[in-house]
Structure formats: structure tokens, C-alpha cells
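The two complexes that follow have chain A in common; it is paired with chain B in the first and with chain C in the second.
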Partner chain A sequence: MQPITRREFVKRTAVAGAMLTSIPAILEACSGSSPTTSNKPSKLTIAAVQGAEDGPLKKVAPMYQSQSGITMEIVEFPYDQLFEKLVTTFQANGSSYDLCMMDDPWMPKFGTMGALQPLDSNFGFTRDSDIPSIVYDVGTWPPPHGPVPPSEQGKSQHLYGITIVGNVEMFMYRKDLATTPPTSWDDVLANAQKFNKANFYGYVIRGKATNPASSDSLPILWSFGGDIFDTSWKVKLDSTESIDAITFLTQTLKKYAEPGAANIDAADRDRLIAIGQAFQSTTWPAEVTGVVEAQGVSQVVGKMGYIPIPKGPGGKGLGMMGNWLLGIPKGSKNGSAAADFIKWLIKTENMKTYVQNGGIPTRTSLLNDPTLGQNNPYFPALAQSLAAQPNWRPRTDQWNAVETIYGTAVNQAVAGLKTPKDALTGAATQIRTAMKQAGYPS
Partner chain B sequence: MQAVRAGWRRLSRDERLAYLILLPALSAVFVIVTIPFVLVIIQSLSTEDGTFVGPLNYSRALANPLLYEAIRATGVYALIVLPIEILLGLSFALLVHRTVRRPGLRAAIYVLAILPLVVPPVAIGVVARLIYAPGYGVLNVLLERYVGVHQEINWLGDPTLAMLAVASVDIWQWTPFVYLVLFSGLQTVPRESVEAAQIDGANWWAQFRYIDLHYLRPLFILILFFRLADVLRVFDHVFILTGGGPGTSTQLLSLYMYRVEFKFFDTGQAAALAVVVLVSFSLLYTLIARVLPLERA
Partner chain C sequence: MRRLGTAVILRSALTTFALGLAGVLYGFPLYWLFVTSLKSKGELFASTVHLIPHNPTFAAYSSVLIDRGFWVLLKNSVVVCVSTVLVTLVVGLVITYPLTRLPVPARLRVGVLNWALSLRFLPPIAVVIPYFAIVRTVQIYDQPIALIGIYSLFNLPFAIWMLKGFLTEIPLELEDAARVDGATRWIAFWRVLLPLAAPGVMAAAIIIFTFAWSEFLFALILTATPNAQTFPVGVQGLVTQFEIIWNDMAAAGVIAMALPLVLMVIGRRYIVAGLTFGVIREK
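Our next item is the complex of A and B:
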């Protein structure tokens, strides 16, 4: 072997070192780094909500992994933390997540931020006639109907999210005790009076402050003709209809409700229903599958009836959407692969597998499939609710603030700290101030 | 620059060395504390897009009635937890100090006292909810079974009881901290002083009043400083137990500021609130330090 000089040794070592240290950079360059690249990535990362909503997704993701060869990583966060995590990630245009689960009231915030990649223009998503149009509407920004935030008026509409959990708030009652389902809130009240007795509550109010109280009361508010905003963003929470609705819930129905309703959340409600201590309440699909109809957990399996939200004095019953969508963050470098995953997931045969693993479908054909309905007795009610064009929460990026104020006011009324009128009047004033500061008409 | 150099030269060699040794620590404080604080001040004077708005965020923050409800709730919370924790912690410390002589037993008590401090506040909140929850709360079950209270007590739905419930969790978790600090303080009391007092016929109260308290006084200030700061940071168990309700009756300052930032996404107002709270508490701490003697008399 030829001996080399020290200078030559240093030179060769430097060249070899430079080549070795360049390898990751070269590989990175080869893998492509621009957003929405069409190259196949080795991994897709999904930011998901922890709980019943992402359980079925976790079960079907390995199937896609084996078919596509792409590793599916699901990073879970509790509800509040997921929202905060996504907002901060979007603000930094981070590329940590290729897909994100989003509750539908978050869409205005993310739409206004311009945080997501358009699925229609970028990835060729089109509407499927088997999926109700409202499901596509809820993932579209600016909203196709209803008031549009001032800052978003005139912007072109795009589809930014595809629903993978077709949640709509419904109504449940003990069908083994009542011969006919309640069709109106008067019927609900009559049943509450009739069946209320010691240790068996005629109605369950989910009255914990902020989101729980807000979610529980909005369908009643709407069914009574009340609302938080009119069509031009004017606050109408202190209108007669709104006050009547909240008075009905927090005073009339409350007489037959469980004690401590001001601190009751969904899990507490499900417990009361599941141990056979309550007659009726509003409900979400995940509560039905997770607790109320869960074998070995619930004592009322097969005893509950599920119907769309009962009608109010005006003859309309309005359910509330609570869809969970999948979107692709703007910062994702794997947009095409992420879009392929969404397309795979909503194919009829894959969505059927997803439903068999506890998922909540959006396809009408699956909701009306009698074999799937056997294990999911609420599917017909959900299909009816979706077909009836349920309401969505006001499409404003200020929704979180509005919900906090409104949900606190309803909680005050449930707790008896304020009359419904005083609580709603105070909340209306606060919401007007918040909306005015955000650039909305006062 | 020349003035700095001249000033540096005027220092003795030891002083220069002292400043050099302090430099890394001061740099860390500058990076970790000073820079973020300056950024918060800038944020408090700007809109989300960075436009300078002067004191507007401060006036909005101070004009919001929810701020005063949060301050009131925090004040009530502090007035409940601080005296009870200090009295209970002091009682336990004196009891163990005077009655428990076996080192093994003292060590066991020490470990037991540490446990609540290392349990995550979220876990404590969940357990507390199992105790106080309407319908299935353990406390109501025990009250019914052993005390004969058949009417369910609405621990988390009544403003006064909800405040007591969240305060009780704090008391359970932080009384051991007070105990540990005061117990270690009692170990510093010279044995000769106690024995001399006993020979002079001093009873237990006189021993405490004229000897023990003398040594514990600076520790009370320390406890007060720490616990006041903790009260400002209380979040997890309140969030889990009541979510700030019923209404806003248990919405403490930390929960209120969290909502302004992460629910209202009003970063300007949240930053203004942070500055107001920081300045107010700095003033309060200065006042406490001046009024109460830090050094032993």
C-alpha cells in the first residue's frame, strides 16, 4: 500500500466527510420538499382527536398502509388541545401534519386563516350524489349558504374538508316506556312530566359551562325560532324566541331534570341513561355507540329510540351538525398522498369497513343499509337528520368566543344564578362587543 | 463603550470575577425571561397583524367585566386556601416535630407528604370529580350512607360549594408543601434554647410563640410567595372539576386568561392581561417583602 502524506490524508478525509454529510441533503432533495408534491412519501401523519371519533380511523388506517405501503401515523390530542395545536401549527405554516381532523365549527377559523389546501381545485374532489350536499357544504369555505363573515365576502368557494364522522345531534328516549316517539318539545315535556319519579329523571340536561351547555341548547334555541345571529350577523340572542327557548330548557324542563345539571357533561348524561335512571335527552352518535348501546356497559341496550330533534312551536325541529372532517394543512409536503388517502377512505366499500369498525358514515346508502343498521339503531334517525339539512353553528371565526359566552350564559340559567332573560341579555351584549371588535356589524 | 471599559477597570479583581461568574446565569435569565416579556409587551401594544395600537388592548382588557369577576374569584380562592394550608401545615409540622421521634416514622411521613406534590394536577382533578360529581360522587354516597343526608348536595353546581370544592383540592395537594417547609424550619431551632425555656417553665404555646415562630418567620414569607404564585397558575383541576362554572363563579384568572387567548384568540388583550397581572403581582410582592420582615429579628 502506497504511503500518503499528512496533507493528502487531511484532504481525502475532508472530501469523504463532505460527501457523507451531503447524503441526507441529497436524499431530502430527491424526496422533494415543495407542498403538494406528487411523489409517494414513506409516511403520512394525521393530527386526530382522541376518543370515539378517531377510533375507527385508527382501525382502518393499517389497511391503507398495507395497500399503499405508506406508514400511517396518527397523533392524538384531546379536543381542546387539538384545536390549539392546529391553530399554532397553521400560524407557523408547519409541516408536522399531512392531514388533520377538524370539528366543523373550526372550519371558519381555519378557512379565514387560509390554513388548508383546497381539495377541489388541487386534488380533483367532486361531489358524490350518495353523500348529502350539506356534508360537502360544511367543508366548503366561504360557506355556500347563510351569512358570510365580512372579511370573507367575495372570496371564491373551495372544498377544504371531507367529513369522515357524520355527526348530527339527535334525540333519544326510552321506547320501551313510551308507546310513541315525541314529535315536538311539548311531547318531550309531557313525557318528562309523565315518567319523572324518584331516582328516574324525566329529562337530562347537559348543562356544564361553555361547549356542553351550548351544544345541548342550540337545537332547542333554533327549534323555537331563536338564534344567536340573524342573516346579517346582528345578534338576536336576546329576542323573545331565544329567551322562550332557554326558559323552556332551564326552567320548564329543568323541573324534571337531574340534580346538578349545571355540571353535567356528555359522559354524565350517558351514565344516567345507561344505568336506566333517565328517560330522554339530546345525544350524539358517538354517545350511542360508545355507551348507550354498548353491550356489557349499558342496561338499556335495545330500549332506546332515536329520532331527529323534535319540532318547536314553529313546527320545525333543527338538529345541529357536529361533523368531523379531514383536511390537508397548507404546510403539508405530501398533499397528493394525503388526498389519495381521503379518496380511499370515502369509497363505499372502505367506508363500509370503517362503519363496521365503529365509524359514523356520511353515505346515505350505508346509513340506510339494514345490515349496518342492526348494530347502529340510530342510523335511520341520522339519515333523516342529514337529509333535513341540519343547522351548523354560525360560520364565523369568532365562534369559539361566541360559544364560550353563550355556553356560560346558558349554564348560569341552568344553575339558577340568573334568569334566562338576564343571562341571554348579558351574553348578547358581550357577543355584540366581541363581534364589533372583530369587524362584524354590531 | 469607553465609559463601560473605564467602569470595568475600576472594579477590583474579585468583583470582576464575580460578575464573570454571574454572566451565564444573567444571560439565561435574559433569554428565558426578559426577551419573552419584551415580546409580550410588544404584543400587548399591537393587533394580531402587528399594527401598533397603543394602550387600546389595555383599555379593552381593563374594561371587560369578566376580568373583575376573575380577580374576585381568584381573591376568594386565595383567601380560602392560603390560611387553611398554612394553619394545617404548621399544625402538622409542630405535631410531628414534637411527638414523632423515630427517624423511620419521620421518613415515612416525609414520603407521604411528598406524594400529593408529585401527582399530576390533571389526575387529581379527575379523582376530585369522582368525589364531587353529581349523581355518582363518592362524597354524596358516603354522606347518605353514614351521615343520613338523603338530599344530594350539588357540590359543583352551587357557586359557593363549587368554590369550596375546587379549593379543597388545592388544600389537599399543597398543605404537605407547607408542612415540609415548616418542618425543615423547625429542625433549625437550637435544642439548647428549647431546653432552657422548658427549665424556665415555658409551656408549649410559649415555646412556639417565643422560640419556634422566631425561626419560622422567614419561611412563612417564602411559603406566601410560592403559594401566591401557584394560586395565579391554578388551572388543571378547576378546568376539570367545574370548567369555571357554574357561570363564572370559579373562573380564576388563569382560566380567564386561557380563554381570552385560546377561545377568543384575542392575543393583544391576553398579552395586556399578562402584563397587568405580572406588574400587579410584582408590586404586591414588593409590598409584602417590605411590610413583613424577611430576616430574623
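Our next item is the complex of A and C:
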């Protein structure tokens, strides 16, 4: 073998190194798939939230796959990350996802961004009388009722999302212990006092900061006549009604709540209920199916009663929507196929199969189906809650920031770090500043 | 004499107690992780906590790998980590060989080593956004190559410094002898230098693999689907909005721990030799 010069050696080594380092790139380039542009794609990718909400979707998607020949790929993310992933993807107009699951408070952000394909004008979706109108309203942007963000006023309304998880926040209590269900928050307080004892809590507060504390307290805030904004986006979180509501939750009811409520999230609440250590709380359908009524997991199966949110001093109880919708990102190259999948999923017979696999329906006929109700004792309460036009969270693209401020303030009040009045007054000031910066009337 | 014997026994007892305590402190979390992975959801929701599972089941492993499809993420992790190790070692050797074996100007050598050191101190969070933008621009978002690139970059300083220590320790005369016998520089490198440096290269490979295996931030930001997602990204998804799936998470933890642990056990001799190689003398 001929000896080579040092310069030649370094050159050859560099070339060899470059070739080796390129191997993964070359392999990747050979195996990488470009977005399908044909009418019938080989695969549809759904960005979904991990948990009880997407479990039934994963179970029925293979049925569609066998019928259509299209591979259904469901990519799961935890709640917070799904939102971040979708925002990132939408900003880049990426085509990673053909369908996306969206919590309904995200609709204002995605609607304002123009991130989704309109389902009505592009794919011929129309309203079905078996599905409550509020379910279509929540997937429509700009919102058909209530205040509209200044930047969105005058835009034409379109349907951008179809609900596949008909979540509405409800109330649960131990019906084996109480003879009658609570109808008002006074009844809730009375039951909490009556049943509270050592190692058995009269009420469970989901008081962890931000989204948990916000979700837990908003139905009480609304039922007491309080709110975050009025109909013209003026902040009313420091109103007497709002302060009374949060005082009721974080001081009056808290006397009978579990210790460390400021750190409790839904998983902890469900555990307390499931092991028979608590009497009552607010709840979401996914908590009922996932834990509270799960055979072999919960010790209180069949012992819980489910009702719409109890009434406040004004005589109204307002549940909160938490629908999960399916939408089609603007960047998707497979819009038609994605729309076909949504249409397939919401057909009555397919939604029934979806419900039999743990899904939460939006169709009134399924919610009132007694055979389905046997395994889903909360269905009547959910049907009532949907029919009563539950509140949705303020339809603003600033909601994430607002929720963080509000949920932190409620958490501070639950933890006893601030009085409810101080916490809400401070939060109101912060929200006014944030909204003014975003172009809303202060 | 008796007092001396008592002191020895006491010291021995104290040492045994201290080591036992340390063993429990280190071992119990691993034990708890393993037994949790063997518990059913019903047992996890029991009012009383059991140290030993009443009805042990491997259902959580099946749930994680099959039902949730994490085996794909596991495969991605292996591909990304093995590629990272190969790329890092090759580039590391390309850089360290001239620094240690050729008459490179001292300024250049010090400059390269300082650059590598500064890269090591760079917090990943500082580069995640610009790197994300680059990845988007060159259209490798959600592709394993994006992770291989950044992992190799961040592990390169470690490889350079570690390999430099090993190569420096191997006498130049050995290579010169091979060249006198007619070997080219490449043959001398391949047949003489590399076998001698093998323990160090193996140690570096295992440590780089372990670093890449547990990386989370870039894997989370630079991937979107199971096409490129790695195992740690899947594991964190087991904390859902309404539930923490403890047994699945524990099973995923055991699986995630298994491969680096096996590698460590297999290569412990190399790692110990590698990490102690060159600690005495610095050229």
C-alpha cells in the first residue's frame, strides 16, 4: 500500500467522516414520505389529547380504516402540549396533522389565526336537529352569540369544528348517603356540613393553579351572578357577585374540603371520590367514565348521583362547556378525506359504537337512550346540561392569558395566601391591562 | 484487645448500617417503580398501599408497548441514540486525531478545545428556538435527523475531551513503528490506535448513548408524530388532564431504564477504565 501524505490523510478522514455523518440523512431521505396530494390519501393523522377523551376515538378509528382503506394514525399529546403543538403547527402552516382535537376554549385562538378549514362552505356540513345547537355554536367562529372580539367583528361566520366529546361540567354527590340531590349551592353547603367527618370530606375543591382552579370555580362564579367580562368585554371579576362566589368556594365551602386543596387536580379529586373519602364535587364526564364509575377501580360504582350544576342565589345554575372538537388544519393536504371521517364519526350508528366504547356523545337521541344510560349514569344530567345552554368560556383569543391570571388568583384564595377580594381585585387589574394591550375595551 | 475488637465490630456495624441505608435510599425508588408497574389500576386506587402487589400483572407493559404503540417510540429512541453515538464518535475522532497526533499549532488546539468546552456549557434552552427555526426551514421537522443533529452537537464536546484524553495517553511511537513497517497513516490509525483506544471509545459511546436516551426538551420541541417521537416524549403523555396513569408510567419507566442499565452492566469495565484513563497525566 502506498503511503499517503498527512494532508491527504486528513482529507480522506474528513471525507469518510462526512459520508458516515450523512448516512442517517440519506436513510431518512429515502424513507421520508411526502404529503399525499391524491384524493384518497393512504393515511390520515389526527393530533389528539391523551386520556379518556381520545380513548374511544382510538377504538373506532380502526373501523373507519377497514371501511375506507385509509390508515388512521392518532398522535397523542397531554392537554397543554397539544395546544402548543397545534399553535406551532398552525403558525408554520404545517401539514403534520389532517385532523386535530381542540378543547372549545381554543377555538377563539385558532379562529382568529385562521388556522382551520371551514367545514360548512368547504365540505358541506349542515346542522343536525339531533345535536343541540350550542354544540354547533361552540365550533363556529366568530361566535354566533355573546361578545365578539374587536378584531373579529364583521367577519363571516363559519363552522370550523365538530364536537366529538360532548363535555359539560356537572355535579356529583353520594346518592347512597343523601336522600335528595342538592338543587342549590346552599344545599351543597348543608350536605358538606352534614357529611364532613374525619377522613371523609364534605366537598372536594379542585384548586390547583391556572386551568384546574379556573374550571372548578367558573360554574360557581356564574351561578352567583359573577363573571370575568360583561357583554362588552369590560372586566367584572372584582364585582360584588364575583367576590361573593369565590368567597363561598374558598372560605365557606373550604371548611369542609380536603386538606391541601390548593394542590388538588382532577386525578386527586377522582381518587378521593373513588376510594370513598369524599361526598361531592363538580365533575367532567371523562372523570366519571375513567375513574369514578370504572368497575374494578372505584369503590363507589353505582353510589354516585349526577346532576347539572346547582343553582346560585339568583336561581340559576350554569354548567360550563368543555367540548372537544375535531377540526381540519388549513395546512392539511387531505381536507376532503378528513371531512369524510368526521361525517362518518358523527353518524348516529357510528356514534353509538363510539359511545359503547366509552365516548361522550352529543346526539340527544343517544344521551336519552336507556340502554346506553345503564352504563353511563351521567347521561341524563349531561343531556339536561346541554339543553340548558351551558356557558362557554369567554370567546377571546386572549383566553389562555386570562385563565392563567384568574386560575392563579383563585388558587391563591384557596391556599389562603390572599383574601378572595384581594385575589380577584388584583386579577381584574391584570386582566384589564392584558386585554387593553390586545386591543379590547378596558 | 477486647476494646479494639469492640471498636472494629462497632465500626463494621456502622459501615454496614450506612451502606444498607444508602442501598435502601437508592434501591427503594427503583423497587417502588417496578412494583407499581405490576399493579392493576384497581390496586392503585385501593385505600391501603401495598408494598408487594397482590395480583401482579404485566398488563401495564402490554398497555404501554402494544396498546399505546410506544414500541415505535422505543425504536425511534434506539435509532436516534445509535446514530448519535456513531456521528459523535466519528466527528469527535476526526477532530481529536489531528489535535493529539499531528503537529497542530498550539493556538488552534487550544481554540478548538475551548470552543468544545464553551459548547458544553451552552444551556440547551438557549438554542432550542433558533434550532427549531432552522429545522423548520430545512424541512426536517418531525424527522429523526433533526434530533440526531442536535444530540450529536451537544455531545460532541464531551466526546472531544474524553477521546483527547485517551488518544494522548497512547504513545506516538506505536503508530510510528507501524508506519516504519509500511502501514499508511489510516492503517496505523485503524489497526493500532483504535484498538488501543477501544475502552475509551466504548466508554464514550455508552455515556453518549445514555445522555441521548434521556433527552427530553429537543425531542418534545422538534417532533410531532411517532415518525420521530422518542420514548421520553411518550412517557410524559401518561399524565393526562384528568388522570395520572401510574402503572403505565411506571412500566414505561422500567422499560426506559432497562436499556441504559444493561449497557452499563455490559460495559462497566470499559466505563471504569475509560473514565479513569488519563486522569494522572496531562500533556
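The rule we apply is simple: the second predicted complex is superposed on the first by the 404 of 442 C-alpha atoms of A that agree within 3 Å, B and C clash if a C-alpha of one lies under 4 Å from a C-alpha of the other, contacts with A are read in each partner's own complex, and residues count from 1 in each chain.
The rule is short, and it goes like this: a residue touches a chain if its C-beta (ideal position, glycine included) is under 8 Å from a C-beta of that chain, and two chains touch if they have at least 3 such contacts.
Computed from a predicted model, the values in this text were never measured in an experiment.
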Partner chain in contact with A:50 - chain B first, chain C second, else both or neither: second
Which of chain B and chain C A:271 touches, first, second, both or neither: both
Touching partner for A:77 - first (chain B), second (chain C), both, neither: second
Touched partner set for A:260, first chain B, second chain C, both or neither: first
Partner chain in contact with A:437 - chain B first, chain C second, else both or neither: first
Partner chain in contact with A:140 - chain B first, chain C second, else both or neither: neither
Touched partner set for A:362, first chain B, second chain C, both or neither: neither
First (chain B), second (chain C), both or neither touched by A:400: first
Touching partner for A:284 - first (chain B), second (chain C), both, neither: second
Per-residue contact with chain A, leading partner among chain C and chain B: C
Doubly contacted residues of chain A, that is, touched by chain B and again by chain C: 271, 277
Touching residues on chain A, where the partner in the complex is chain B: 80, 83-84, 87, 109, 208-210, 258-264, 268, 271-272, 277, 397-398, 400-401, 403-404, 408, 411-412, 414-415, 417-418, 430, 434, 437
Residues of chain C defined as touching chain A within the complex: 40-42, 45-47, 68, 83, 86-87, 90-91, 93-94, 97-98, 102, 136, 140-145, 148, 152, 179, 182-187, 220, 224-226, 229, 236-244
Chain A to chain C touching residues, read off their complex: 1-4, 6, 9-10, 12-14, 16-17, 20-21, 23-25, 28, 32, 45, 47, 49-53, 73, 75-79, 81, 85, 89, 92, 94, 96-97, 266-267, 270-271, 274-277, 284, 286-287, 290-291, 294, 296-299
Residue numbers on chain B that touch chain A, as the complex places them: 60, 66, 133-136, 152, 154-159, 162, 242-249, 259, 262-266
